[in-house]
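Could you have a look at this structure, given as structure tokens, before my questions?
Going by the order they are written in, the chains are A, B and C; count residues from 1 in each one.
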Amino acid sequence: MNIGLNPLLLVTFFPLVGALVVLLLKPKWKTALRWTALVTSLITFGLSIWMLTRFNDIDPEIQFELNLPWITLGNNQIGFHLGIDGISILMVLLTTFLMPLAILSTWKAVEERIKGFMAFFLLLEVGMLGVFLSLDMVLFYVFWEFTLIPMYFLIGLWGGERRVYAAVKFFLYTMAGSVLMLAGILWIGLQYGSFDLTQLSGSGLIPAAAQLWLFGAFGLAFAIKVPMFPLHSWLPDAHTEAPTAGSVILAGILLKMGAYGFLRFNLPLFPNATVTLAPWMAGLAVIGILYGAAVAYLQKDVKRLVAYSSISHLGFVVLGIFALNLQGLQGAILQMVNHGLSTGALFLIVGMLYERRHTRLLENFGGLWKVVPVLGTLALITTLSSVGLPGLNGFVSEFTILLGAFSSTVIGSPWFAGVATLGVILAAVYLLFMFQKLFLGPVTHEENKKLKDVSAREILILTPILIFAFWIGIYPKPFFMLMAPAVEKLTALVQSAALLAH
Amino acid sequence: METVQFFNLVPWVVFLPLIGLTVNLLVGRKLGEIFAGSFASLATGLAFVVSILLAVSLSSHPEAVTIPLGDWITIGTLTVRWAFRVDTLSVVMMLVVSGVGTLIHIYSIGYMHNDVRHNGDTGRYARFFIFLNLFIAAMMILVSADNFLMMFVGWEGVGLCSYLLIGFWFEKGKNGTGNAEAAKKAFITNRIGDFGLLIAMFLIFVNFGTFQFDEVFKQAGQVAAVKPGVMLLITLFMLLGVTGKSAQLPLYVWLPDAMAGPTPVSALIHAATMVTAGVYLVARSSIFYALVPTAQTVVMWVGAATALFAATIALGQYDIKKVLAYSTISQLGFMVAAVGMGATVAGMFHLVTHAFFKGLLFLAAGSVIQGVERGMHHANHASHDFDPQDMRQMGGLRKQTPLTFRVYLIGALALSGIAPLAGFFSKDEILVSAWQTQPAIFIVLVLAAFLTAFYMGRQLTMVFFGEPRTEAAEKASESPLVVTLPLMILALLSVLGGVLNLPGVHTLETWLSHTLGEGEPGHFVWVVAGISLVLALIGLGLAWMIYSRKTDKAYVDPLKRALGSLFTGMENKWWVDELYAAIILNPYRAFAQFMADPVDLGVIDRIGGGLAAGTRALAESIRKLQNGYIRSYALLMLLGLAAIMTYLFLR
Amino acid sequence: MIPIAYPLVLAVILFCMGIVGFLLRKNAIVIFMCLELMFNAANLVFITFANHYQVIDGQVFVVFVMTVAAAEVAVGLALMVTIFRTKQSIDIDQMNSLKG
């Protein structure tokens, strides 16, 4: 196999090339720096599309596999093992899709130290893609930790007032979880002689008793990242203090790494523990859905509100994952994409408002639909997609998740889904409250009367997201088709492994 | 006999309004009011034409036809299609929606011309028609869907349009946010209902394995036999959805507030079409309800209770539109009670005639309001507290707005159930089936019907008779033809609507039997007709007697003296809003606040913070050991060495 | 041959003197000298056992220790001089700026 032309390698490391170019440019060449980053991310997106065209969507197996020997540890090989399947391809596409939009959103917002910003941003992309494509646990861990560093600096250097606090909190929370995961990885590697996911998945090597502990070790890292109640308290601060582009990526992609981790590690590696613990995880997810929605309702800061809404939305993802049936899992994966689009767009809109008014407090807005009608309309559609209005993307995934959870034999009771459905009401409560505070009512502040409506660049940022919002809402079939074989394989694997144990 | 079938045209009932809205979205603002209004009306009008063609096709081929458009959600065993179902029931709804819709579009061309000027933002003219077209599209999806999930798309879609149109003047209303609050209230209350509908759909999928109407209803009997509890749950959760959308107890509270929307919206969405979606849902699922008698009982009591309850509130309102709003709730109660009793055709019949006369009443009320507004401008009423919708500020308008008066009179008489107008026949059919099967319901409904006649008499007298009570009323003027033409057409329909299902002929009954199954056609019972007619006349007459007497400036309702605190209750809507605020809204707000501050910031955030603080405190205490004196370090080393040595020796 | 105990006891006495002096004295120069005492006590033990077992390793180590000690004194004294310049004292108790 020709390594140089492996699409995964190209996609993952192309942003690194861009980052190197950025490093060679002089800090004062602001335009050149911006364009370099943008073009790099666009080419990466192009590469991922090229990969998609070559992807065989009826094959449930890993594709474009690349396995190079990397480190030898005693008798164990740690491989540089990349591969993609129906579960990760959507995450990769989401990443490469959101990146250019996020970079474009910094055009006016980031004026200082652009060089560092763009370099970190592109490095972040390398890390995230690596996480989604790694098939070796150690390699996964390396990429997983690698994403922390650029994000830490993005929050800590370009963030808001309490940026240092938020950055440290973000770092420590994530670290605390991943240390346990590292211990788990090493234990598995030394005990069972392999770090390779493809060898360990569904192998039945790990006994049920050990699975519970390992599920806990991995699950804690992922639950913090998702974040699940009650491990979420880093998220509101990190979201609020991060620069707009950082929030977009944080909400859009970094959180998905947690949910993806559950799908890639906990389900296939510890199927018995998964089945045993599914009701508990579902319970936490339901609490997260309602809790995030309740707490979001009365926030005074828009970004905090959206941050708590993420907790609620990702609760749906976790609920879907642990429903462990096709509807639940496919809904969960689609919900990951949808949350990336909707919440990403919400953060972009909040960022646009912030650029105009330099405040994020709800009380400083009101009546903006009259002043900025186009932005108001775009914000309305985004809000509705987040509310889960049928015809837009959020509904398809939330409905399938709830349907899956309702009929899930693993969760065992329709009550979980029934109570979670209340989240549908609460989502309308807090999101419409937000929309009203921002855009409806009379214009109460003199400064707001002369705000400029969206520029062409801003429309260019939001339009692609909204196109996808409608597309997924009306014709989600291609997305479901893409993931279906891999999800079917995963469900079969978990169910058969769990059956064997009983 | 081979006739041309038009069934394949059915997607156009959705696409035409969508085209209309897209064009208006792109160029509506540039091409001006006439274009935007007429293009939107044309789009809806064409949808009406398509509906007629479908009806024609159905008359020769009365069986249901399904026209698939494409796949929507396909996961494992879950398959949901975008598919349209053309049957006699859905076509009746399509005809009502697009027919009344077209008239209201035309009316809006004139009405909104004044409204945007009155409210000071002419830029929103095109936006209004975009929303209206979006509503027609969503409503068409609702009624033409072939499965529950697609119906739900329309169900929530119309809710969205309702939200957007109630909040159309989002910077107006009480404290500037009144309209926006009303819009939010409508959406959220509807979402509570949608919650019920979602749960019902989950149960349907789990027990039937599909959302497709035909397949679900085919299995209904079987499932009901095996799992009666599940069927009861499905029907009751569905009823929750119905109470939300069709404004029944206990979720009716959003509809009166929804009057914050422009009047055509109140006519189209909050009287004629959207709010009847719940009735349509029960009619569509009548097979379910027929299998669960308990649910039927609940449905009819909810309907009957709402009918009476809302009628009492309508008695004590002063806002011309609020009276009509409560009247709508009450009439929807009649329909829900009818479908609950299994008299589905009677319910649908009342739905259609109600769309005519209530649409008419709202539009005529809009004409009255704008007439008074014009009078207000002439009279130079500078004061902001003048409310052109307050009936206490009107009086004697039959002279200023003669045409509006005549059509209003027709609408009011039709609503009151005066023979031979449309409302008489449809209401009578409901009363007959109550008379035959549920005497208790019959008494409640007759009482509600009496109150209906009374409050309509009160409204007629207060608005049109007597002497003008304000300068604005004195100088009010009649509306232009574009506004009055739809009124006249609707008045005609309100007069002739009864023909649809005349006793003994049963056109609608036969038509719907192809979808709902053969039912027993309602007989015409002279006693019932007599009772309802006499009571209606008494109601109207009594109202005339009470209200035609007084015309002083400080208007006190004459009933207030007669009924005392009872009337205060009606005036204040029995404090239901306050009750909900006290038992739901405020507790939730307090709960959210409690979760946000003491719990999230105080407890959960402190877990991480506490770990950090603990680490810090530990470090703080260990730090003391590092006192900087070399000798103490040396001593520690010595002690440590001694300890190790001791350990090694003693081992 | 003198018994092996004699030099060992001497080494112990020297070492203890060194420790006590190190712990009790304030003057940095004296502390240095006490350090040297301990080094040399250790050296004495090395030599004794090297002689006792007739192996050369102990003697090699002594040379090493002496070299390191010399180097250490050079650095240490230089530090003392610098400290004296700034603090006008070499009282060890005054040098606690590195406390936690």
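Rule of thumb we're sticking to: a residue touches a chain if its C-beta (ideal position, glycine included) is under 8 Å from a C-beta of that chain, and two chains touch if they have at least 3 such contacts.
Small disclaimer: the values here were computed from a predicted structure and weren't measured.
A.B. asks: Using mean Cα positions, find the chain sitting nearest the overall protein centre.
C.D. replies: Centre-most chain by C-alpha means: A.
A.B. asks: Work out the mean Cα position per chain and let me know which chain is farthest from chain A.
C.D. replies: It is C.
A.B. asks: From the mean C-alpha coordinate of chain A to that of chain B, what's the distance rounded to whole Å?
C.D. replies: Computed value for the inter-centroid distance: 38 Å.
A.B. asks: Per the centroid of Cα atoms for each chain, what is the distance between chain A and chain C, given in Å?
C.D. replies: 63
A.B. asks: Please report how many Å separate the Cα centroid of chain B from that of chain C, as a whole number.
C.D. replies: A distance of 96 Å separates the two centres.
A.B. asks: Two or more other chains in contact with one residue: find those residues in chain C.
C.D. replies: Not one residue of chain C touches more than one other chain, so the list is empty.
A.B. asks: Would you mind listing the residues of chain A that make contact with two or more other chains?
C.D. replies: Within chain A, no residue touches at least two other chains.
A.B. asks: By residue number and range, which residues of chain B touch two or more other chains?
C.D. replies: Residues of chain B touching two or more partner chains: there are none.
A.B. asks: Could you list, by residue number, the parts of chain B that touch chain A in their complex?
C.D. replies: Chain B reaches chain A through residues 70-78, 82, 121, 123, 149, 152-153, 155-157, 160, 163, 167, 170-171, 176-177, 180-181, 183-184, 187-188, 191-192, 194-195, 198-199, 202, 205-206, 588-589, 591-593, 595-596, 599-600, 604-605, 607-608, 612.
A.B. asks: Can you list the residues on chain B that touch chain C in the complex?
C.D. replies: 623-631, 634-635, 638
A.B. asks: State the interface residues of chain C toward chain B in the complex, per the touch definition above.
C.D. replies: 19, 22-24, 31, 92-93, 95-100
A.B. asks: If we count contacts the way the header does, which residues on chain A are in touch with chain B in the complex?
C.D. replies: 169, 172-173, 229-230, 232-234, 291, 294-295, 297-299, 325-327, 330-331, 367, 369-370, 373, 384, 389-391, 395-396, 399-400, 402-403, 406-407, 414, 417-418, 421-422, 424-425, 428-429, 432-433, 436, 439-444, 474-477, 480-481, 484, 488
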